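The next part holds the structures, each set out as structure tokens.
Shared between the two complexes below is subunit A, which has subunit B as its partner in the first and subunit C in the second.
Coming up: the complex of A and B.
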């Protein structure tokens, strides 16, 4: 099977903690990180969130690093570009490329570092959420925030059948591969088209079967979601509060401070 | 009492393909019923007609003698009472977690929240899935998914449970678990209807069988009759069950009693002639037709268990004092079957009983008992076909203990007593931890 973030979230011990607490931690992290003017606050947030994900959420450290490497790659390239093309101030260093001078100015470098740290901070918050809160739990949250029922119900069924069709698609793809369906570009293209058509028809049929089976269980147009009650415990509140306090004080103390 | 009935039922699909033709069936309450036929013979379509999904063009379906009406209120009533478990569990399980899927039916019945929670918790406990209740369905094995699908139906407490090919794509252990569950449900009064093309399953399990082919029911009756009609079986593209096949072959060779119809292995063993011929040394005065006593046989004469050979009839006298005798085997030490009710489980007590009674073979029946055995590291020799296997072992002199729970205790006792009645062999059977009166 492929690594699906949701699978890790389902296994994570943090899954059974209060969803709202987790959501507020993440929202707080993202908002503070984005509004921070120094790179220290987002980096602190990234550190805390990373620690929480790996230590409390029991996510393998290596896997977490790999996961973080993906957005980090993008951000690094954009940081380099920002450093070279934006900002004013002292020229830190420069070089000539066929008559054109490329220079890194202090303002640009600061901006690049800020973008870098904000993105890493934000990503670590989002990963914390997606690695500790499976979709299954988020449905209950959506329901509680008074999203339209039909929207939540369709989302629930889509979630379930994504996995059914993923399996079907992988099965078909494998069957095509063993019969050399992906030998060259032409055959690959043809196979992919067939896979798509087949999946479409399958999902259509699945829909009809689903309707039959739901009807057999007296479906009358409503699905009630039973949200499990998970009270927030005292240690969790204390930990969250001290985390908030720490981040806020760093936010206040380091405001406007730049690295260079 | 007839719960479900069809009269001249015919159905064709919207595209005009005829799918069912003149079906007349009567389903008795509390029975185990099998519809047997090859793929495409109309079993699934018939099931959909029975719960009102397909509306027949001709004829009618009667539930408790009342013709089915197709307004939504009547349909709800029927569907609550006639539950269908689909062949492919993925068609049926659509909620993101097991718990929510099982809760779907009871919620639709409009029960209050507390009642729904109680029903779902009980049902999950019953099918042995409580530890998995927060998992999404794609993390389960085929057998577990099937049990979830069954739980989803059981949670609505229907009178009749219909299962379309319940064992397709299941491994033997998963299949046994599902069948155990069905037997248990049936024992507590549910009418169970399955469709299958597995003749062995239908023959050994069902009380009543409908043979289907080409959109029609071509034959119906008790399995002993149905599966001996070779012509009908051939017409339905099926074959005879293996048990029956073996029986016919050993009967041809004169090794089995005639006029039996063994449905399972204990039955089959029972049909064997208890004849045993042996060369022995005899004193010169013995003549043909005499009855002699050989005493206790052991070692190379009795590989599995020592036995007593008395009343041996001399068939032939050979030279040098050798003779051929025919003897009745009689186990020296009678085997026994104890039944341990795991709903009053205590590890120490169980261990004491195993030691005290010299138990050589422990079997676990039902998911709950299997889980207990697994958790407490109790070595279980038999996990499938437990009652049959215990009878067989007891017959060859072993002491067996069956771990099971609640109503299944009675079921096991009934089954063993039934065998004793049929065979005339007495096997000591008792509940190892009886409920003490206070």
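Coming up: the complex of A and C.
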């Protein structure tokens, strides 16, 4: 039903690397990608991050390609809209639709390509983070930053219960499917209502039980996490620095360059 | 409707963060106040957030278009918990969606938060409260509030895209109509289906566990008995 990327992150060998190093690589990639003015920089970032995720992170290549196709529906639709209604310059091609003339201008197409490449670059950085860093590791980071305790607590418990409820939901859905519960629109709607209600009531009861069980184990509003020390090694620093330097130089050299 | 990572250009994703952060801070302040008074709400809020996440990962059947779409779930949360707490839960859900399901993104988190965790829930809450004061039927009220929350989310997302990419002829308004028109194909059926789904879920909740709704101040106990009598 759903692919939780966290499952892959738990098995990834990059899990045991320094969290802050990984976070800085991802932040750098996202920020440079989004502020670049040519499509080359985000594509280079996508290439590097994709290589790091697949090769160092041991993520199956086919699975990775499938993931990249995920945002395609939204992104391609919006990119087509931008290509048609944005920008100035020479008209590349046009056609008539019931009296309206739709034209793609070079400015619009460039903008659409730039946005497309930025999204690919950004998504690849996001995938690197979510496929190599399980949420359990990120909680330590969240605790170190100055978020309110109640926020971090709720985020942690929510994380745990997402998996509990997903399992319940999948079980119910499976049982409904084998009883032809998703045969057509009417039955699938009815099944979904049942599923939602059951989930709501069950989660409510679970929440009450959770409070009792945690209270009886002396919960005082703070769960203590043991953060493992993971020193950054020299090769990692060198690789990261050369990656930063490469991206920054491409960023500088290709600024303002367009494909068309 | 999530905006994906890297889609919003530079001034806009910062602007949407600037819009969302004060609201979220206020939500956190409200939540902290509630938690310090009643410590037992922490696990309840956590499971409620997990419920929103799981609900939003279910695919809705869609009668009009062949494509299936995901509900937002935030309209229901706003009716149950109020907009301030829903906004905080919504941010966590959006963060998890971007990390676990590759829906949304980190730079666009601000824009997505504004649309899905702030404006949608506020619309649902304001509508629900004022309509229940006016004495509207409970199910119709829940249906309309949730559907309106979805529509508001979709309109705000279209506005965000239009502001970032104004059309050369006609400016922001022209490109807004284009984005809104094209995404309406999936978003309007979604709003109707999610509204109906939430209203029916509420029907079962009233039947089976109505004390939850009284606890949360969604319905008064007098209203619950009235609805139950009408059912029999």
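Assume the second predicted complex is superposed on the first by the 237 of 260 C-alpha atoms of A that agree within 3 Å, B and C clash if a C-alpha of one lies under 4 Å from a C-alpha of the other, contacts with A are read in each partner's own complex, and residues count from 1 in each chain.
As a convention for this text, a residue touches a chain if its C-beta (ideal position, glycine included) is under 8 Å from a C-beta of that chain, and two chains touch if they have at least 3 such contacts.
Since the structure is predicted, the reported quantities are computational estimates derived from the model, not experimental observations.
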| item | value |
| --- | --- |
| Fit or clash between subunit C and subunit B when superposed on subunit A | fit |
| Contacts of A:216 with subunit B and subunit C, given as first, second, both or neither | first |
| First, second, both or neither for A:206, with subunit B first and subunit C second | both |
| Which superposed partner A:231 touches (first subunit B, second subunit C, both, neither) | neither |
| First, second, both or neither for A:157, with subunit B first and subunit C second | both |
| First (subunit B), second (subunit C), both or neither touched by A:10 | first |
| Which of subunit B and subunit C A:256 touches, first, second, both or neither | neither |
| Partner chain(s) touched by A:139 [first = subunit B, second = subunit C, both, neither] | first |
| Chain touching more of subunit A, residue-wise (subunit B, subunit C) | C |
| Gap in Å between nearest CA atoms once subunit C and subunit B share a frame through chain A | 10 |
| Subunit A positions touched by subunit B in one structure and by subunit C in the second | 6, 135, 156-157, 159-161, 164, 206, 210, 214-215 |
| Subunit B residues touching subunit A - in the complex, by the definition given at the top | 48, 51, 53, 76, 79-80, 83-84, 86, 88, 90-97, 99-100, 103-105, 107-109, 113, 116-117, 134-139, 152-153, 156 |
| Touching residues (chain side subunit A, partner subunit B) in the complex | 6-7, 10, 15, 134-136, 139, 156-157, 159-161, 163-164, 167, 206, 209-210, 212-220, 222-226 |
| Residues on subunit C engaged by subunit A in the complex (per definition of touch) | 1-10, 13, 28, 31-32, 35, 39-40, 42-51, 53-55, 57-58, 60-61, 63, 67, 88-89, 92-93, 95-96, 98-103, 105-107, 161, 165-169, 174-175, 178-179, 182-183, 193, 196-198, 200-201, 204-205, 208-209, 212 |
| Residues of subunit A that touch subunit C when the two form their complex | 1-6, 30-31, 33-35, 42, 67, 70-71, 73-75, 77-78, 81-82, 85-88, 105, 107-108, 111, 115, 118-123, 125-127, 129-130, 135, 148, 150-151, 153-162, 164-166, 169, 173, 182, 185, 188-189, 192-197, 199-201, 203-204, 206-208, 210-211, 214-215, 221 |
